[in-house]
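Listed after this line are the structures, all set down as structure tokens.
Okay, so chain A shows up in both of these, paired with chain B first and chain C after.
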Partner chain A sequence: MNSVKSIVERMDSDELIRLARQLNVSLTERKMKRGLLVETIQGELEEYYREGIPWKKTRLSDLAIQISGLTKKFGKTVAVRGLNLAVRPGQIVGLVGPNGAGKTTTLRILAGIIRPTEGTVQVNGFDMNVHPLKAKQRLGYIPERPTCYPNLKVREYLTFIAKIYRVPPIDATLRMKEYVDLFQLNGLLNAYIGTLSKGNLQRTLLVGIFVRPPPYILALDEPIYGLDPRGAWNLKLLLKKLRDEGSAILVSTHILEVAEGICDRFIIMNEGDVVGKGTLEELLEQTPNAHTIEEIFLELTGGIPDA
Partner chain B sequence: MTANTISLLENEIRMLFNHLKRTITTPSMLLFYAIMLVGTYLVSSIIAILGSYEQLFVSVATMLEATIDRSMVMSALGLVSLSAVIGGYFGRGPSVELTETDEYIMMPMPARPYQLFLAKYIRRILRKLGFAFLALLVVLPLVFSSNLLPIPLGGLIVCFIVFMEINYFLGGISFQIRSRLDRRFKTPFRHFILLFLALAAYIPTLPQVTVHPISSLLVPSNAFAYIIMELTGIFAYGLGPLIGVICLFLGYPIVFLVVVNFVDQDYYERFALKTSNEGDESRISRMVRGEVDFSESRFNDPLMWVFLKDFWSKMRKPFQFWKYFYFCIGMAIALYLNIVRPTWLPPLIIPHGLSYAAVPAFLLVLILLTQVASVNALLSFVDEKENIYLLKSSPFKASDIVLAKYLLSLVEVTLTVVPIVGFLAYFMRVEGSFYLLTLVAPLVLIFSATGVMVGAYIPVFTNEPSDPPVPLAFGFPAINIGLGVLLMAILATYAENIQLVQIMPAFVVMVVLGLLALATFALRSYK
Partner chain C sequence: MLARVGEELRSFWPVQMFKIIILAFIPYSIQFAFQSPSYFHVRLGSMFWTWYSTGMPVLTDLNSINPWTAITNLLVVAGPSLYFCYRLRAMSAEESPSRLAAATMVVSLICLVLVSYSYWFVPGGWASDSMYYQSLQGFVTVLLVLFVFIPTLQRVSSKRLPRRLTQSNKHTPNRLYSRIAGFAPRNISKLMVLAALILPYGVGLFVDPNNFILSFSSPLVGSTSISYYYHYLLRTMDKPFSIALFFQLGSMAAGFLMLGVLGLQVLFAHETLRYLEDRITQKRVTLVGVILLVFLVLVSVLNGVGVNLGLAGGAFIPFPVSVFIGLWLIKKKDQLLLEGETELTRPELSTLQEQEVIIPIIYVLESRLKRRFRRYKS
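Now for the complex of A and B:
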């Protein structure tokens, strides 16, 4: 509850008025002391969340992401061959591999954009092919090349997302404020997305995921790419926090420092095949020649080049 | 409709609205819109003053009644539906309307494919109606001077849109049938279904069927043909167009609902796989598609390099092959007609008394045809997509890039135009038509330059070089028609004067150089 209260304290007057309207606080007086309004709203919110904050109670299915026997062919190219993978709540799994290994293809199948040639994908216990809506409801996907509708304003986009995922308006307002602050998008809420820089676009998409209530099942394709050092640092911290709160996260990357910094387990892919999986320690055991994650990667994907 | 469909629709309409708002609050865009609307309006008033077309319509109508018959109209429109069915079967169906952003934002959302389809479709219709309204507004002078009645004309346009939308849906249906069959069966015999679909679309439009008036109500293309005939009076039964209109408007929701029910994951999938490039083609088809490494060519001249690069990367599109195919076949037919002059296919002879109206009409046709062909020139920059920034930052002079684009556009436009000119030379015999046809050359020169100029300006206006803003795309024909009419005016003024041979080339050279200079300037001022 305290976190909700502190969000309210950070709001500016427009945001406070918007929230007051949503809470049906009567704003009859023409002028009202800010402090008073904040207190009134906090009181109302206390009433609204009387039975606890709803998103703190949700749990994910024990196998948040389960991919079994996944094969995807494009004509004769096999982009992914017989992939098995599971991510449990409270885990960050890194999908690493050289260019063209099949990481993006895997994540696109996981997000329900394309169908697998063979195999099944389950998200939060729902098969993507059989119950696509239920499977997609929990999933947050960041594409490899972030794009968004240029003719929407950032705020309009975020509200749209909240509607589609059926986030109650009051929850959405609070969450939006929290994550807009975190990703420093405050000045850009009324900007058209078409005018944003690449990093700010990436941030907008991320906030678009986090206006939805946790826990999340995230499929992130190179999420760090394009963010500045502070944005990257914030995101890494956030991902760890979400994991500790029970989200399940699958990130694809070929930036190994990032992978090493945040991932609990790794899946190493090469030309569609899984060539190694496990924690860093397990991988080190499997590859006696290698001493760092970089060397493991090189060893498993074509050998360490001689200096 | 579920809440999600409404939210999706709301979102699409908000984007449309924001787009409009952004356009009319950007002065440069507004300027282009103004040029386009006012320009076309003026041009259509000038054309309206130049000739009185009422008589021409009457005589064309009588001539049509003498040369063709009712069943030919039905069959011709039936061909439109047929090609929609076949095109849908081989094409990407309704998924052509999707964008990469839809893939990343909408497809992973908990919404069903048909909901997205509905939202996007309604937006498409709203946009279309807006454009149709603007177009009608702009050609009003022409409508009044020809004594056409705006209400039946408007009705005809609406029926035309409905008919074309029905065809779009027919394509969508055959697309979905194919993708469903592809998923269930592997045998090549599954493609026989296309034969059935094609027959189902075409048999009701055959003369043997359409002799009975009631057949007009059998399929949408018949109904539309019936409406045209009743409204124009050519081959009219005299029963009034209402029955046809009812039939057409009943057909529309039927095919619409069928498509909405059919749309499934394949709608997404087909878009998401569009780049998929099955690696099992023979060498010849690879050559036809232009997978040739041009970077190892002997040419070091930047102009030549850009030219070749464009030529080969164009060849990579399947469409390009058909363009050359069309040129060869079209040329062969045009030559055959003009040399052999077959008696079974007589040209249209326009009565002498009408040439006063016929010459401007002929010139207008010429301008419009060249305009249609010169869209290639506009695409010369659009096709670069994001690469345009790469090209711009490469060590080439802006003028070299522009010139290369211009030359290739000239080639492309000429290839498209020449067979058509051949047909025109044979079919439309107006007084002096042979001399008038030579005007195609200056028109091609000028229109290609306009296309290159407008194309070069796209990245100045937007960050999305592959998606020309509407006013630019429409400003292009507006500018062209304006220049074309100017050319005609020069021709009319100096018609009896020998100075024409100096003035005309000077005018063309000046306009072309001016446009290309503008393009070079545009290339230097990218955002």
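Now for the complex of A and C:
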């Protein structure tokens, strides 16, 4: 509840009035001290969340992401071959590999954008081919090349996402404020998405995911690429926090420092095949000549080049 | 209360009145006549004096308007702008002055029309000095630009644009861009407005400085001159009425064209700023720029076939300086990457809590009605 109260304290006048409307707060005076308005709204919120914050009670299925025997062929080219992967709640798994390894294809299949040639993909216990809507309802996906509706303003997009995911308006307003502050999108709320830079678009899509209530099942394709150092730092901290709160996260990246910094387990892919998997310690055991994640990666994807 | 009034008198009003007095003495109306190598004359006119030279000794005189009438007119046309300044000073940073600015402009123009036509109501009144009325229009223009338009744009744009532009390191350093990037963004709004209002009118076949000082009030030039002409016709009847009507209708059409030119120039300046703030798409701002350009070409063509824009100086080609500045800014936006701290950064929480929030009137009424209804039910 304290976190909710601090979000209200950070709101500007328009946001406070919007929240007061949603809470049906009676405001009969034309002018009012901000502090008093904040206190009134906080009181109403306490009443609103009297039975606890609803999303804190939600739990994910034991296997939040389960990919079994996944193969994807484009004509004669095999992009992914026989991939098995599982992500449990409270885990961040890194999908690591050089360019063309099949990471993006895997995530696109996971998000239900393309169909697998063989194998199954389950999200929160729902098969993506059989129950795509239920599977997608819990999944948050950030593509490598973010795209979005260019003629919507950032605020409109976030409100739209909250509506289609049926987030109650009060929860949506609070969550939007929390993550807009975190990703420093305040000045861009009235900007058209078509005018945003790649980094700002990525932040917008991230906020779009976090407007929905946790816990999350996230599939992030190169999420750090395009963010500035502060945005990247905030995202890494946030991912760790979400993991600790029970979210399941699959991150694809070829930036090894990022993977090493946030992932609990790694799956190393090369030319569509899984060439190594496990925690950092397990991978070090598998590759006796390697001492760092970088050396493991090089050893498993073609050997460490001579100096 | 008295202390507060005293403070206001000491701080705000003298400064503003000083500015107004300076503006009242600046010449706005300038006429050149080179009729033959042996004869020329130059006339300059402000709100209070005229300067007349024929190559012989210079004559400076008070203009023919009664000084008391001139002072009254000055106060009437300057009143709305002064009131705007006073209100703007009291506004908090969160309030937008745009609506008040628009209202001030409308009221100023109405005052200008009333003052321009006031001689109709004086028995035997006669618009003997058209130069005075041209100066009055120039005065109102400059007053609105300096007292209303620029402060409003500065307030609105400085909230969102960073205080300083920094050059993107994605591009090769360029000395010109570095200089522009170092230019405080609030100056961009001034530059755009000045470019929109003054520069594009500079080129004519006959160089006439009147073309440089044009304004929101320009459309009124046509209509005011109509009134002078009819007044003249009624008194003298020395020209066929139909011929006079033809020319005056042309003048009136030119007034509306000028209104279009001015409106589009200001709109383009405004849209360019909004694009720099990432609030609209490049497609939209470019579209406004292209429409403006087409309109300027149309005006030039019409002018060429005889629709004079109600201005001295004969054939006249509007030069689209503001379009060029705006399109250049749009094209180079990425190289002049807008970064840095904006003035929207949050103040301390403790000071925030003391601020007053204005609840929308509809919400207040709804709440009161609901409370009454609840009481009635219980």
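Definition applied: the second predicted complex is superposed on the first by the 307 of 307 C-alpha atoms of A that agree within 3 Å, B and C clash if a C-alpha of one lies under 4 Å from a C-alpha of the other, contacts with A are read in each partner's own complex, and residues count from 1 in each chain.
Convention: a residue touches a chain if its C-beta (ideal position, glycine included) is under 8 Å from a C-beta of that chain, and two chains touch if they have at least 3 such contacts.
Treat the numbers as computed from the prediction; the structure is a model and nothing was measured.
*Asks:* Looking at A:G194 after the superposition, I want to know if it touches chain B, chain C, both of them or none. Which is it: first, second, both, neither?
*Replies:* So A:G194 meets both chain B and chain C here.
*Asks:* Scan A:N186 for contacts with chain B and chain C and give back first, second, both or neither.
*Replies:* In the superposition, A:N186 touches chain C alone.
*Asks:* With the two structures laid over each other on chain A, which partner does A:M176 touch: chain B (first), chain C (second), both, or neither?
*Replies:* neither
*Asks:* Touching A:G35, do we find chain B (first), chain C (second), both, or neither?
*Replies:* In the superposed model, A:G35 contacts chain C only, not chain B.
*Asks:* Which partner chains sit in contact with A:V258 here, chain B, chain C, both or neither? Use first/second/both/neither.
*Replies:* Neither partner.
*Asks:* Looking at the overlay, what does A:V211 touch: chain B (first), chain C (second), both, or neither?
*Replies:* neither
*Asks:* Regarding the shared-chain residue A:A111, is it in contact with chain B (first), chain C (second), both, or neither?
*Replies:* Only chain B; A:A111 stays clear of chain C.
*Asks:* Could you look at A:L85 and tell me whether it touches chain B, chain C, both or neither (first, second, both, neither)?
*Replies:* The answer is neither, since A:L85 touches no partner chain.
*Asks:* For A:L133 in the superposed arrangement: first (chain B), second (chain C), both or neither?
*Replies:* first
*Asks:* Under the contact definition given at the top, report the residues of chain A touching chain B in one complex and chain C in the other.
*Replies:* Common to the two interfaces on chain A: residues 150-151, 192, 194.
*Asks:* Along chain B, where are the residues that touch chain A in the complex?
*Replies:* 3-4, 7-8, 10-11, 14-16, 18-19, 22, 100-101, 103-105, 107-112, 265, 268-269, 272-273, 276-280, 462-464
*Asks:* Sort out for me which residues of chain A touch chain C in the complex.
*Replies:* 9-10, 12-13, 16-17, 20-21, 26-35, 37-38, 150-151, 186-188, 190-192, 194-196
*Asks:* Contact residues on chain C for chain A in the complex?
*Replies:* 94, 160, 275, 277-283, 342, 344, 346, 349, 352-361, 363-364, 367-368, 370-371
*Asks:* Can you name the residues of chain A that touch chain B in the complex?
*Replies:* My answer: residues 74-77, 108, 111-115, 132-134, 136-137, 139, 141, 143, 145-153, 156, 160, 163-166, 192, 194.
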